[in-house]
């Protein structure tokens, strides 16, 4: 257990109340900025993927002020409350979906030192538990708004939860088992020595567990091919049909915050938490500059989280949506056995694999993983560098420059106009 | 097979059923007596030589002068690629025509539209109710003597034709 | 404020326990009774952990609490399966209608 | 530092009690389920206060995340019939309430009477303990979770395996009870009832 | 919540065999959830335009899907009886508003056949070029919105980027982007200049490699195949019985394309093949087949345009038609192949300047009528897939 200094030691704050308030303010500011940034970023990413520009006007450079403007608009909008809806539960549902997203952030480490509650030994299980509370909020929203579409959204959310939660939980345990602790700080601390130390490349079972966890986590934050609970083309807006104004925005704040939490969790569990692939930060830590290492680590952590969120967005704007029975088939029939095998496999691997054999497989997997990663980055770069064939502009621009086509031979012309 | 051969086959098969026919012109057709129409329809569809399996359209036409509401069935055969039309007349006061939705399922909706816009009642139709106009609309618009409604459930229907 | 001792937890658990029991007795809706049962189990859990922290000082309380939680989940699954069959027979989960069942 | 614990305890206890009363009083079954959620979350908070962090986290996952979702499922499937009222008769209410108040009074009276033993080890003693002894200790044990795990596969191995058998039995039983009697289109082999005994086709 | 069994539709509308839930209850021995009647009503993201589908569902399973049309009914046929022949053309634009050129051609050809007028060869070639370009534009909309129905947002934007080019070309040709009224009885109103033809070739060079990109993005995407293969299967005999036409009919494996046997347009001089669904991803006649027939047809249309541009003769682009145009007494029924199927006009003339009776047979009208038969026993998630694959345009259903 690396010795971690209290980032915000409760003891020497004037009183624990100020500590609480500072924590709340810092947290709320950071997360709301995060959620707003993601909303803007998703609109820009999806726009450029669809050969359009996205928000450009509000705010000077690339419409950066679009999300705050949306936030103000939503504040101004009237929070509709359908009259035969279950009013108290209708209001409660928004908070039930919103609070767990923040509760999970309390134990999510940004770097070895930047974590609020660092001596929580079960932070991994705590985050998973709190995230499962959000589902109750969504189902309540669907049930309380008393509309058929919302009910369908709620039932679909329940089916989706029942099917993805077990594989996600099991594939979550595989890295914890390899490291031997349920605390995220400890899991992160063991991945510092370089790219081959990343838990994803430790053994083939963890390699598979990474993909199972990533896809199941897509289902958990209702994105990309699994966004059935609030899909537009079938259920109008799923469980969000009756929501509007700030209450609707709360659901979206919660969704984007959970997206970041899932991104950060994936980074910590599989992609070498707050350490860079070359072991520089670990070096700084061992050399004693713990504050510098902490800040650098936080930077690396945020970059990794954002990359994973970018991949989630990338998937959302390319893949169509699955049907509910296909989602349950995938999660139960395919991911559940896969996650069981990865769990047992990584346990057996710990026990059986000798030193040398383990090194070799680590190197092989690292090479495999980086090759795959670079392939996708190359794909993305190619799309950015060469945006579609150049012919498109010439057709439109050059066309309007020319004068209108010559009128038809005079004889038929007026006759055509006369009764055409 | 061209129109005269088809008409010959029909008259030879049904005799009195074929009231009159017109082989030339731009729309060769045969006028069939209402009561003989279902068997003729089955014959037209199943006869190997004719094989009219594709009913293209059922159009209702109002002839107040001859006091007739005519249903025009346009047929084509996807096998022999020849086309033909059949007309079935019905009196204007109490227009009843046997339905052929059992022979060609596409007739189901076409006949409902003819009933909706012209008021021709098709006997034996599984679900004869208005298809385009609202359920409680009065009158049948495509009739020549159609009186424009003043309003519909309180919504005024003033227009150039009906100030 | 006196520091929190064992008594506080026991009193809380006792009140929760009696509230749960009262729900089971009063409610006519089968799922209400099920929720009452959950309340009982939670009260028992709080007692277990309170004793393990203040009195026994061993880990057994926590382990038993885990067993209780897992078994409660199993119990709810079976209870709901039965209620759904009951519902499809009597179109309601009103426990008083249960007297029409044979045997 | 310690008065923070007290405040949090009283807050959570209040939440749990309000939840319990809510369950007792509310008519609408969905509201009862929501009050249950409040009690469950309060109980989870209490477990954290009592030093059993692992149990608190598991309670959140299995109880609040799993069992409650099942209950809400049950509520959704069976709450559709508006013309059935579940209001109990007043005689039953009075009897129930009186009975429970008496029970609560008796329990509290008994609790105050007895003096509970207190053999809680202090933090230094736990540090000096060997690994085997430390597994037995609950409070002030830094790696309580590890000890729980080791104890599960040590002294509590038999109940652990019996538990898995019980869960298996429940799995199969619930699936059997809830099986679809009406043939489901496209369901894989074995789900639909055999061709002979299908239910009434709508 | 609405009480089960209470009818929710407009008074007088009978839902066939309304389920009497209480009668079911006594005999109910098996686990059965409540049936719900849902209005996939006139305003719904998955119904293209104002189609309303009344769904009777048991959980996710659809027991019955009853289409209810008439929300866009303007009674164009009654107007047709009060408007001279030449001035009815703008009304045909608004029937299938995604393929206005094809509608104009169908109407003008019907009237020309009635009056015995023959359009000059240059006009016939321009009509073919313009019809095929409009077919590409219409199929692009169908392709884009189908991706949207199944949750893929990006194809929609690509489809509309290409369609904008076609609309620009039409704007240069006849001034309008959607409702062109470009045809007149006896030919076309404006001539296609050489510069315009070069621009069309330039567009085709840009467009043809795009179709491969579309296939990679959507057609062969595994999730898309899972959502559309073996869904909403229409056997060939039922397709013909229900009078389906166009890609919906060809998707079921019926090799039936009016362009092959319309003597009046110059399609017989063009070399193109009829695209037919062959059950590559599942059964013949499933949603994927109907979808892929449209993609293949875009390729064929590009081929036709290239050949037509090559063979475009010089000369008049409009026959002499007197202003007070009065066709002889008689009647005609004439159909051509629209992007969505066979659009037919039945015109009865009694010698005056105004038709006695004018009936339009919209292809989507018949295509929607089979929705009830194929949407039974599917899941709620399949309804957008099926309605999208039929590619309904309410303008020509309600007329």
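To keep things simple, chains are lettered A, B, C, D and E as they appear, and every chain counts its residues starting from 1.
Methods note: contacts are C-beta pairs under 8 Å (C-beta built on N, C-alpha and C of every residue); 3 or more make two chains touch, one makes a residue touch a chain.
Small disclaimer: the values here were computed from a predicted structure and weren't measured.
Engineer: Name the most central chain, where centre means the mean of Cα atoms.
Structural biologist: A
Engineer: Pick the pair with more C-beta contacts: C-D or B-E?
Structural biologist: C-D is joined by more C-beta pairs in contact.
Engineer: Distance-wise, how many Å sit between the C-alpha centres of subunit A and subunit B, to the nearest whole number?
Structural biologist: 61
Engineer: How many Å are there between the centre of subunit B and the centre of subunit D, using C-alpha atoms for each centre?
Structural biologist: Those two chain centres are 70 Å apart.
Engineer: Can you give the whole-Å distance between the Cα centres of subunit B and subunit E?
Structural biologist: Here the centre of subunit E sits 24 Å away from the centre of subunit B.
Engineer: From the C-alpha centre of subunit A to that of subunit E, how far is it in Å?
Structural biologist: 40
Engineer: Would you pick out the residues of subunit E that each touch at least 2 other chains?
Structural biologist: Correct list: 1, 29-32.
Engineer: Out of subunit A, which residues touch more than one other chain, so two or more?
Structural biologist: Residues 155, 325 of subunit A touch two or more partner chains.
Engineer: For subunit C, write out the residues touching at least two other chains, lowest number first.
Structural biologist: 84-85, 91
Engineer: Within their complex, state which residues of subunit D touch subunit C.
Structural biologist: Per the touch definition, subunit D meets subunit C at residues 2-3, 5-7, 9-10, 13, 16-17, 20-21, 23-24, 29, 32-33, 36, 39-40, 43, 46-47, 49-52, 54-55, 58-59, 62-63, 66-67, 70-71, 73-75, 77-78, 81, 84, 86-88, 92-93, 95-97, 99-101, 103-104, 107-108, 111-112, 116-121, 135-139, 141, 144, 147-148, 151-152, 156, 159, 163, 166-167, 170-171, 173-174, 177-178.
Engineer: Mind listing the subunit E positions that touch subunit B in their complex?
Structural biologist: Result: residues 10-14, 16, 69-70, 73, 75, 77-78, 81-82, 113-114, 238, 240-243, 254, 256, 261, 330-333, 335, 342, 344, 346, 348, 356-357, 359, 361, 365-366, 369, 398-399 of subunit E touch subunit B.
Engineer: Where on subunit C does subunit D make contact in their complex?
Structural biologist: Answer in residue numbers: 1-4, 6-12, 14-23, 25-29, 31-32, 34-36, 38-39, 42, 45-46, 49-63, 65-67, 69-78, 80-85, 87, 91-94.
Engineer: Spell out the residues on subunit A that touch subunit E in their complex, using ranges where they run on.
Structural biologist: 46, 49-52, 146, 148-149, 152, 155, 225, 227-228, 231-234, 236, 317-326, 389, 391-392, 394-396, 399, 402, 404-406, 408-409, 412, 415-416, 418-420
Engineer: Hey, which residues of subunit B end up touching subunit E in the complex?
Structural biologist: Interface residues on subunit B, with respect to subunit E: 25-27, 53-57, 59, 61-62, 72, 74, 78, 81, 83, 85, 104-106, 108-109, 113, 117, 127, 129-136, 141-142, 146, 161.
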